[in-house]
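Below you'll find the structures, each written out as structure tokens.
Heads up, the next two complexes both have chain A, just with different partners, chain B and then chain C.
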Partner chain A sequence: MHRARRSGNGRFAAGVLHALVMTVGPIAAALVLSGAVLVAVGVDPLAYYGTIVERGLLSPLGLQQTLTRMGPLLFLAASLIVAFRAGIWNLGGDGQFLLSAVVAAAAAPVLVGVMPAWAALAVCFLLAAAVGAVWSLIPALLRAYQGVNEIITSLMMTFLGVSLANVLVKLVFLDPATTVPQTRTLPVADRLPRLFDTTVSSGLLLGLAAVIGVHLMMTRTAFGLKLRVVGANPRAAVHAGLPVAKLTIAVFAISAALAGLAGATDVLGVLGNVRADWNPAYSLAVVPLVFLARLNGFASIAFVFLFSVLSIGGESAARRLGVPHYFTLVLVANLLLLLALAEYIDHRRRVAKKA
Partner chain B sequence: MTETTTSSAIASTTTAPPVVELVGVTKRFPGVVANDHVDLALHAGEVHVLLGENGAGKSTLIGMLAGLQAPDEGTLRIDGADIRIASPRHALALGIGTVFQHVMLVPTLTVAENLALGGPWWRRPDRAALAAKVAEISASFGLSVDLDAVTGELSLGEQQQVEIVRALLRDSRVLILDEATSMLTPAGTDELGALMRRLAARGLAVVFITHKLSEAFRFGDRISVLRLGRKVGEIPPERLKALDEAAATAEVVHLMFGATPAEAGGEAPPARAAVAGPAVIEVRGLSVPGPMGSPGVAEASFSVAAGEILGIAGIDGNGQKQLAEALSGQRVAAAGEILLDGRPIGHLDVGARRRLGLRYLTDDRLAEGTVGSFPVSLNLLLKEIGAAPFWAKGFVRPAEIARHATRLVASFDVRTPGIETPVGRLSGGNIQKVLLARELSGGARAVIFNKPTYGLDLANIAASRRRIREIAASGIAVLLISTELDELLDLCDRIAVMSRGRLAGTVDNDGAARRRVGELMVGKQS
Partner chain C sequence: MDGLFTEVFLASLVFGAVTAGIPLLLAGLGEQISEKAGVLNIGIEGMMLGGAYLGFLVAFQSGSMWLGFAAGAAAGMAAALIMVVFCVRLGLNQIVVGIAVTLGAEGLTALLHFFQFGRTYPRLDAPVSLPIPALSEIPVIGGALFDRTPVVYLAFVLVFVMAFLYRRTHLGLALQAAGDKPAALDVAGVDVVTTRSFAVLATGAFAGLGGAFMANVGAGLFVPFMTSGAGFIGIVLAMLARGRPLWVLGGALLFGACLSMTTALQVAGVNVPTDVIQMLPFAAVMAVLVVFGRKASLPAALGLPYERGAR
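What follows is the complex of A and B.
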């Protein structure tokens, strides 16, 4: 107590400094640690990081690719934030993503023949959302009414969903005109419009809208507050008379629908079709990002941007330096562990100071 | 203790120094003194019964013997030497084995695996040696334990035998059985009682905690009674044998509930205007299934008039929580009717019952009543999320919420740094005020209090009780569930006693209430 009250400004500055150290410190440590791994496998870490920054951030084409990649990732971040904040561990995002992507890819080329392109895209987005939501129904019902752990059921539904998506591509929606098994390709002119004179897909804007929308829903609406009560203390939710089972199903539906929209964004904005055996597994890659962002919508935009730079740059580095492109996941994993470690040390220090 | 030299073996052992002795032991928790200078001596060859209401300090005492807690004052002597028990492992090594109320075995492991737990991790458990030792123990104490049975498939009585064997495997000299009969059938209770007698006959010191006086008299040699953290009396073996059951019951009830005939007559509760209004809450034949292995509510019928305080007394876990949750709408009733102001509400959900004026203050303030990480302001509206004027078309209106919170914090005297402070940071008494503010605001007709002063300090207990009296005086019907008899006697107009899910009887709160409620609580029909 006697340690004189610091002025408001001083305390604020100290707080900012503390936050900075707590964020930048682990990031630097993660770069060093991952660099050590690179050295161990005989790659110059500086060349690797340099390539990533140059190809993912500095070169105009790379930056545009990075921004385009953010679209589906932002939808997935929104999907996970809704679920995690409500205490629902929907890890089935990849299955929901892929099935919705396949359905959107199959429907789009047909629909553009019978209606204007914008209407076709809108219908495809709705379809994708519905497919994702339906694919979450089994884990949702089991969790809501039987208390079955949704981590396991939603993960298992991903295995089924990925396989079913492949079956659909190879048997049902196969484009007879190509030798590679894939769906019919949506003409570039009918895809999501690009932004201005760049190659950046407008999926970026949709993704940003989704994350911000979800953030506002969770923080500003009664519905979002109900979900947060269920997530923070399910017994208090029962005590307060909230319909926990119905809210659980709603959370699953919203989360899975957003994952489905991510799939549609990737297919309708960038790829134009779905090839057999394609599974980027974006959803599981986004899980650590939203945790790093502490389930905050705006912070997750920053982390998704960082990850997009890493992943686009990492793909170039993979070609140039022979480091597998999923080495970016090693980097993210190291970052997550070191941030957790920093937090643990900080917590211990604060407890020690109090005692 | 008077020294007698009768020829019985028990008398000769009691003259020997005690195996374990607690001397002037005091244990404080924030706001409560759980044990206040308690002396307790455990003698070899004796079953020492510990009696007392919930909150009398039995569990804390056991916790100190088992090494879970350390006393703040006083000493613990083993064979006459002062010892500080550092951990449960240390207690076991000193020969003090404890069988807790709730079985502490791993249900998916076999009996043998459960018994081998706790050995050094680097060594493979020696099955043959274990089997030999268990066989020896089983033979000498008349236990039967199947080492290959999966523990979870055994009955509760059998699991308890496994726990006793586990304690005996460590060469325990003191065996503590914490409410060991509360989950057993009458036959299982008799078996356990016989086993306790055999253990004592072989020279163990047995501590037996129960709520049932008949068990205490049948199986015990010596009875100690705790009340509000203090040891208020002890009946040594010679006296216990001399008393017949009726006289012993009278003496123990007097010790447990603290009433002498003079006291009960002279200390009548403050006079209250007679309540004879129409019933606000009426319950007819309400039955509620309980969670696995514990009683629910069986055919409860009662009514509470406007301005009346009806108390529900009883040992914790006899269906009180199920009753409260069925009334509030949190739990589905199997049968029966609930009426509020003459209107059936049994089919309504929590929110609808609340809007009609039925309010429920849970006993579990942090785990159920509030969301600890949420600010005080939102916790005050936890049961009204989405309601006008705090939300408009589903969107939050922070100014309205802040105004509401500021008003309630002031009028209920909630001591908080601010309305944005997470409620979990407040003290128990202030969290209770937040709950009171939430439940009493906006047209309450009937309020159910579940253990409203549990865990509070004296000042907050007094404030809560004053508040409950004011609520009733304003014409609200109050159902007060409490395990503290003094609280019920202080506040209620009538007191119903709940036992094993049934209402064993209802008594008017007059001079004889203390004795009659006490009798109903220990299972004696009045």
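What follows is the complex of A and C.
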């Protein structure tokens, strides 16, 4: 009995070590490989990474910005975890995010005039979730009833959504008081409250609640189990009597609503308005993060934090060292490839051990 | 509105449709090869962008349009090589790797362009056209189809080459089998992994050429992220064409017409916001998918890696 427990502990420790190696390995390799790109364009990678750590993590103001940036990214992580665990490739997060952000930005300044600020914010969040869900309806229906590949349709809806968001900002919700096309600005006092004496937006807490809630829903509830069955084996799900089409639509709606909430969090907590041609394209950048986290909600918090450091630090580095933020895309791509490679090597090792 | 449908307007519309349609055609034809062989090539957007960047750079530096096109195809194949190694050889998730190829190409080309040209966007000279006697004199369509750079003719010829290949040759049959029932192809003594590798490389070459055409002929310059979804439209074309190259051609010209509406309407003096115009092709794609979605068909083993002996 005693021995069994000890070996159990040993296995747990080995498991943690293994997870650590499998995570740190690809990240380190991606940093090195992307650093080679920096060398190729004549930038000192150590200076670049140094700036990122200094501005995104070590400086108090940068760290607060990093924590604030986590809010919308955590919502997006939650959005992707629901979809990917259920086997649905919702790659339309950017369109859902942007349209919801625009609608929330347009509604908030009007609503704070007619109701208390907290109620206005709540209504805006609901609106954003609804807009996101509606924008996923066509891919969801096509996937559920026609079997059309949702990767393509959700990507198409993102292109449509980004353009539509621009149309809305430039033609419909335009603030007549400014020369740059943008929506009316929500006064700082009416935005999401800041945490304690810091500049960190409480969107961080909402994001944390979303990603943890999604994790618990997928792992601890009957509904989550159904979704995972659909994701693991749709044919078995049909045989088990699960309403696969309805569950597919539900997954899309939840995932897209969370992406919409991400947009609302960014606008109502940080920006206060949406400018024309603004598209941070966070959603595709979060894809490798949730894979790194093996679709685990808690683990994804850590990776979202790391990416936020990179994102905030990268913006500073862009100004200081003149490396445009496109570099983040290279890093994300390398991370995806090396992560997939690490999974492969690990899988082969395990197969070899069994044999 | 009386003067809207003049010959000049129609000619510019058709010309624009062909110019915008050729990259889509090449992307669609390329994607079709991969899909037939059972590889869903999401990375095609990145391959096009790589082709656009390198195709422009080489044409700009060397002054030779032809070297530019060759470099574009080579860049597409280089990006495709990542798909070959990771997806076909190692059997990793095609969607994850495809996203990586697209994101990586977006970042890398934008970064390299920035460090070479800063915020300037130098232009290439207009391509030299090779008019086909008699045919180029046809009103409205003559100038658009038969008075163009030879790459346009090559793209049209490729449609028929691919149709012949799929219907009449062993290679075409092998491609089809690699996508529908790879195990059967393996039993017949043809290596599935090799067949798929060639298919994906061919996709890269087609997509890269399409990207280079977009930069060198369509725009005359390279702008970061300039393909803006053309590769994904190519995937939709391949899905809807159900393996038939001629359908890809029809679809590409149709979507090309949507894309060229901007310039054509500007010629006609109609003022429509560009953001609305940019939505047209994607709205058209979605409309087509809603109506014909059930008919879009893909090979049985699409997206699944092949491992000999595995069940």
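Here is the rule we use: the second predicted complex is superposed on the first by the 337 of 355 C-alpha atoms of A that agree within 3 Å, B and C clash if a C-alpha of one lies under 4 Å from a C-alpha of the other, contacts with A are read in each partner's own complex, and residues count from 1 in each chain.
Just so it is clear, a contact is a pair of C-beta atoms (placed from the backbone, for glycine too) under 8 Å apart; a residue touches a chain by one contact, two chains touch by 3 or more.
Predicted model, so just to flag it, every value in this text is computed and none were measured.
In this overlay on chain A, chain B clashes with chain C.
Applying the stated contact rule after C-alpha superposition, one finds that A:233 touches chain B and leaves chain C untouched. Using the contact criterion defined above for the overlaid structures, shared-chain residue A:37 touches chain C, although it does not reach chain B.
By the touch criterion defined above, A:324 lies against chain C but remains apart from chain B after alignment on the C-alpha atoms of chain A.
When the shared chain is aligned, chain C comes close enough to touch A:344, but chain B does not.
When the two complexes are overlaid on their common chain A, residue A:163 makes contact with chain C while staying clear of chain B.
Of the two partner chains placed around the shared chain by superposition, chain C is the only one that A:291 touches, whereas chain B remains out of contact.
After superposition on the shared chain, chain A has more residues touched by C, the comparison being chain B against chain C.
Clashing C-alpha atoms with chain B appear in a single stretch of chain C, chosen from 168-176, 204-212, 276-284 or 294-302: 168-176. Interface residues of chain A, counted against chain C in their complex, comprise 37, 41-42, 89, 91, 138, 142, 146-149, 151-153, 155-157, 159-160, 163-164, 166-167, 170-171, 284-285, 287-288, 291, 323-324, 326-334, 336-337, 340-341, 343-344. Interface of chain C with chain A (complex): residues 40, 42, 82, 86, 90-93, 95-97, 99-101, 103-108, 110-112, 114-115, 224, 228-229, 232, 235-236, 239, 273, 275-276, 278-279, 282-283, 285-286, 289-290, 293-294, 296, 298. Only residues 329-330, 349-351, 354, 360, 362, 364, 367-374, 378, 382-383, 385-386, 391, 394-396 of chain B touch chain A when the two sit together in their complex. Across the complex, chain A meets chain B through its residues 220-223, 225-226, 228-229, 232-233, 235-236, 238-242.
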